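After this come two complexes, each holding subunit A, first together with subunit B and then together with subunit C.
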Partner chain A sequence: MSGHLSARDDMRVWGLHFGLIALLFAAQYVLPDYHNGVIARVMVLALFAMGYNVLFGYTGLLSLGHSMFFAAGLYGAGLPIYHFGVHPLPAFAIGIGCGTALALLVGALALRTTGVAFMIVTLMFAQVAYLMSLWLGEWTRGDEGLTLSRDERIIEIGPMFLDMTNRDTRYVIAWALFSIGLGITLLIARSRFGRVLVAIRENEERARMLGFDTFANKLASVTISGAIAATAGAAYVLLFGYMGSTFASIQYSILPLLWVLLGGAATTLGPFFGTLLMFYLAELSNDALNAWLPDARLNQIGIVGVALILLVLFFPKGLFGSIRERWLKWLP
Partner chain B sequence: MAAVTPLLVVDDLHRSFGGLKAVDGVDLTVMPGEVRAIIGPNGAGKSTLVGLICGRIEPTSGSIVFDGRDITSMPAHRRVRQGIAYTFQITSIFPNLTVFDNVALPVQRSQHHAVGAARLRRGVLEALERVGLTDRADQTAGELAYGHQRLLEVAMGLSLKPRLLILDEPTQGLSDGEIEGFIALVREIARDATVMLIEHNMAVVMSLAHRITVLSSGKVLAEGTPEEIRADTHVQAAYLGTPDDD
Partner chain C sequence: MAFGPHLLLATLEGLVMAAVLALMALGLSLVFGVMRVVNVAHGEFFMLGAVLAWYFSTLVTGHPAIGFLLALVLSPLVVGAIAFAAERLVLRRIHYNPEATIVATIGLLYVLQQAALTFYGPDANPVVPPFNYRVLLPWFGYSGYKLAVIVASILLITLTWLVLTRTKIGLVMRATQYDRETAQAFGIPVDRVYAGVFALGAMLAAVAAVLIVPIQQAHYLMGTDPLLLSFIVVIIGGLGSLRGTVVAALLIGVSDGVISVFFSPTLAKMLATLLVAMVLVFRPQGLFGTAAR
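Right after this comes the complex of A and B.
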């Protein structure tokens, strides 16, 4: 984050990020089937979280409406394939385009407000998007959703043949998109633009009086954040073949917030580890509950909630925020 | 003097808050290279006046011309790019960022386009050098002593390479030693920038200002050289004679 990094810190930063990327690539050869699928999914959702982190972590704007950007990518890519037989590759681009345009529009309107009002306005927009996905049930089949067939999830261009129903192909595509997303957030975090975003988060009035157009910078942040979230949504429908209204619901606006908080806001690695941790935490607590209290039918969300409260109490800056504060000052 | 165009011309400027006329018909002309002090009792409208000039506050009526260009309705961030820098009366820094990063922001602003990290670094260290904070570059700004925070803010203003630097009560809360250093710093700044200085400490005003504007209840009560102001009986009645404003 600092422009004052020594060459050695610089090496460490790149080493750490490439290390994680290499590790995740290698993991596909050793992970058992089930966990292979989990990690692929976590990488796509972590992309969503990284997008969220650009706005929430670095710019300090808490959106409660990011599900609409994810869903814009999901439906923007999925519906043209399902209804019009559009090729998955242009459909993927359409999904990203829809989410980006929506983010630009919502940003231009919502950024007239700040703080709690910004949260509420983004929430309202997302609620409208969610209701639209239900109203247009003829096209989306609402909560029940739509699944893409195998034929609709194959990309074949010349010698390239990508079957996204194939476990290994899916993993590699998820990995590639995740890596690009991680690279982009790292570049943003260490760029002049990133420094301006942090300045806006820390003291907007001061940033303005240093000559920065804070509105334009915040709008750029919302748009980039929405574009990354939409990319995750578009990837999700292609890789996992399902789109449903749940992804447009408030739950999918809260989840990226929790993943980022857990992993550490305004850290490049936090979103991935937050998403990963939350997934296994939910699963473990589920298993534990079933084992100890087989008849209780307790909701796993309760345990996740307790774990989160504990984490926020003891690691208020999240996993990587705390690591940075205590040990590795150079973490971006 | 007549051949030189003024850097700043404020014409019949008004600003009310509700019924309160904080700035009430101020005219002001500042020449390039000048150090202009603005004095007056608390609540006279000094901060509001400079807030109008730098664009933080919108005027009710009147006009502001900077370097021959009407900037009355220009947004604040664009005025900064025109060369107007402002330091806040209440210290306003980025407390959670390092001293280095605090100054890197205005340096990257004044360097316009992406230049190498090395030049950015050089620009930052240069600014820190001028205010004597080089050793503290890696410290978190919020942990600095109050006096150093004020200096950091001046460094941020300087880094914008302004043509007009507005300092709102910069010496408030500084020790005598720090004030001495500050006077030397402003003298140096004034070699290549015009300075507007709101200041309560009359020793600082008298040693730095070329001209002084006295504000009272939003109006210009008097304007002149330090000697003229010292001799002005109205000013003495309104301001210099009331020690509780110090």
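Right after this comes the complex of A and C.
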């Protein structure tokens, strides 16, 4: 798939990705206020989905525990700021560090199992993390959550002044992190490491027979995937100022799975478009259905459920997976 | 109350829990054993069983036992029909691919939750127990209904065991579980066996729910905790092993009952989940299972 590309395809790949990044940067000047906020949020959540895609899409491991990495980033960054007044920048690094360390630990344990057992083990570790966020309610305030004040979300170093309650600052930071994430997944997808991951996904026995240390490669994949998810979590608390146990619940492990499936697993652009599409789809259908059936108490869960079933039945390759299959064979 | 009676009470509560859990986990284990798929929506079949039990019990007036018995018969039948339809419409079309099935049953989980929220609402409702008889122990009185739940569960599990080991249907199911291709070659309609097993698994969850609903109210989000607990039971017991499932349900149910009486329930759940995850990591075949073929 992403093996040996001609120089022309190479140009197309870079052009497409830089084009999207440039488009998103330009979008902030034309988007109305509401959609500006939406796209900023979608870019942060897409970062989460891109992390999930490294493990699920490229390595073929279905985890139902990624909410714990996101939450580790969220709380790892947010709690030191809230309780100890730590500066946001080192707190951001602490958040990423917590998530990465957790991913390394969970990966080392969970990768002893395979297939369905891997999914159940990751689900259980995530459930432990969720219960812990409730149990430590004195620090986290559980479901109710904590809100960071404006003062706690300002980064001031020398002449640089970043106020993350400001709409434009928030957009640019979300955009920068998203672009870095997209660049990293593109590099992984096209690297030797990425191709080993795909080989493991396609046939682990064969990859091992060819002399690859499949365990080490899978562990690296879990760790990178968790680190990206944690970065998204740490960014979320800084940019939007809220952390709560909901982000550690099973639902936040299922959402990145849905976004990646919709956009196309093992495609670099899929996670972003999956997140974007699902956000507007859920919102529009929610409004339309609630206007049509005002007493039906419809909320997002029904739409998420129907989307998952329809995707599995009729659209298993997702948006970019299908585009790659039909038209653009060179898509990474 | 002194420590001894307190412990007895905790054990009894744990046994009730174990009785319900064993039934539910048996359904999950059966589906995994025969079909080799994980049904993430199993907890929602439990929830549906409880919600429908409430609905059926409100249809009739008179003695509460009439409504309860009606629910005990109809609720599993309706849930079984829903599961059968889901199997035919979704699982069969994705050819029981393990990962696609997980995603599809997650979707089913949300759809069923939404349906319950829409038609049943966000409130919790109780079902009146069929009888109110208190068994007087030397230290405290104990609900006769709860003891009846334990007995009913033992009867149902024995019945399932008899069906599995003594009847033609059970033989067909075990043959499919043991070797799908050979079973097919011998003329067993594997496809229909799958649909039947999926419905049967859901019905076991629904029966468990009808039994519990006079003790615990019906609510549209009640499926998540039992789902995780059944996962735990099925894993500890060894996937697809009936005896292991029952033993593990006893172990988990009673220890959960005892631990939550004496410690914070959140901490108890946390430690139990962590412990089970570790069992799965270091002894994937379960505590009582044998290594996979």
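Note that in this section the second predicted complex is superposed on the first by the 323 of 332 C-alpha atoms of A that agree within 3 Å, B and C clash if a C-alpha of one lies under 4 Å from a C-alpha of the other, contacts with A are read in each partner's own complex, and residues count from 1 in each chain.
One rule holds for everything that comes next: a contact is a pair of C-beta atoms (placed from the backbone, for glycine too) under 8 Å apart; a residue touches a chain by one contact, two chains touch by 3 or more.
Small disclaimer: the values here were computed from a predicted structure and weren't measured.
Using the contact criterion defined above for the overlaid structures, shared-chain residue A:N203 touches subunit B, although it does not reach subunit C. In the superposed pair of complexes, A:F125 makes contact with subunit C only, with no contact to subunit B. After overlaying the two complexes on the shared chain, residue contacts for A:L62 are found with subunit C alone; subunit B is out of touch. In the superposed model, A:G85 makes contact with neither subunit B nor subunit C.
Of the two partner chains placed around the shared chain by superposition, neither subunit B nor subunit C is touched by A:G15. In the superposition on chain A, A:T214 makes contact with subunit B only, not with subunit C.
Of the two partners, subunit B and subunit C, it is C that touches more residues of subunit A.
Subunit C meets subunit A in the complex at residues 38, 90, 93-94, 98-100, 102-104, 106-115, 117-118, 121-122, 224, 228, 231-232, 235, 264, 266-267, 269-270, 273-274, 276-278, 280-282, 284. Residue ranges of subunit A in contact with subunit C, taken from their complex: 62, 64, 109-110, 112-113, 115-117, 119-121, 123-125, 127-128, 131-132, 134-135, 250, 254, 257, 261, 296-299, 301-302, 304-309, 311-313, 316.
Listed in rising order, the residues of subunit B touching subunit A in the complex are 54, 56, 75-78, 80-81, 86, 88, 92-98, 100-101, 104-106, 108-109, 114, 117, 120-121, 124, 137-138, 156, 160. By the touch criterion stated above, subunit A contacts subunit B in their complex at residues 1-4, 192, 195-196, 198-199, 202-203, 205-214.
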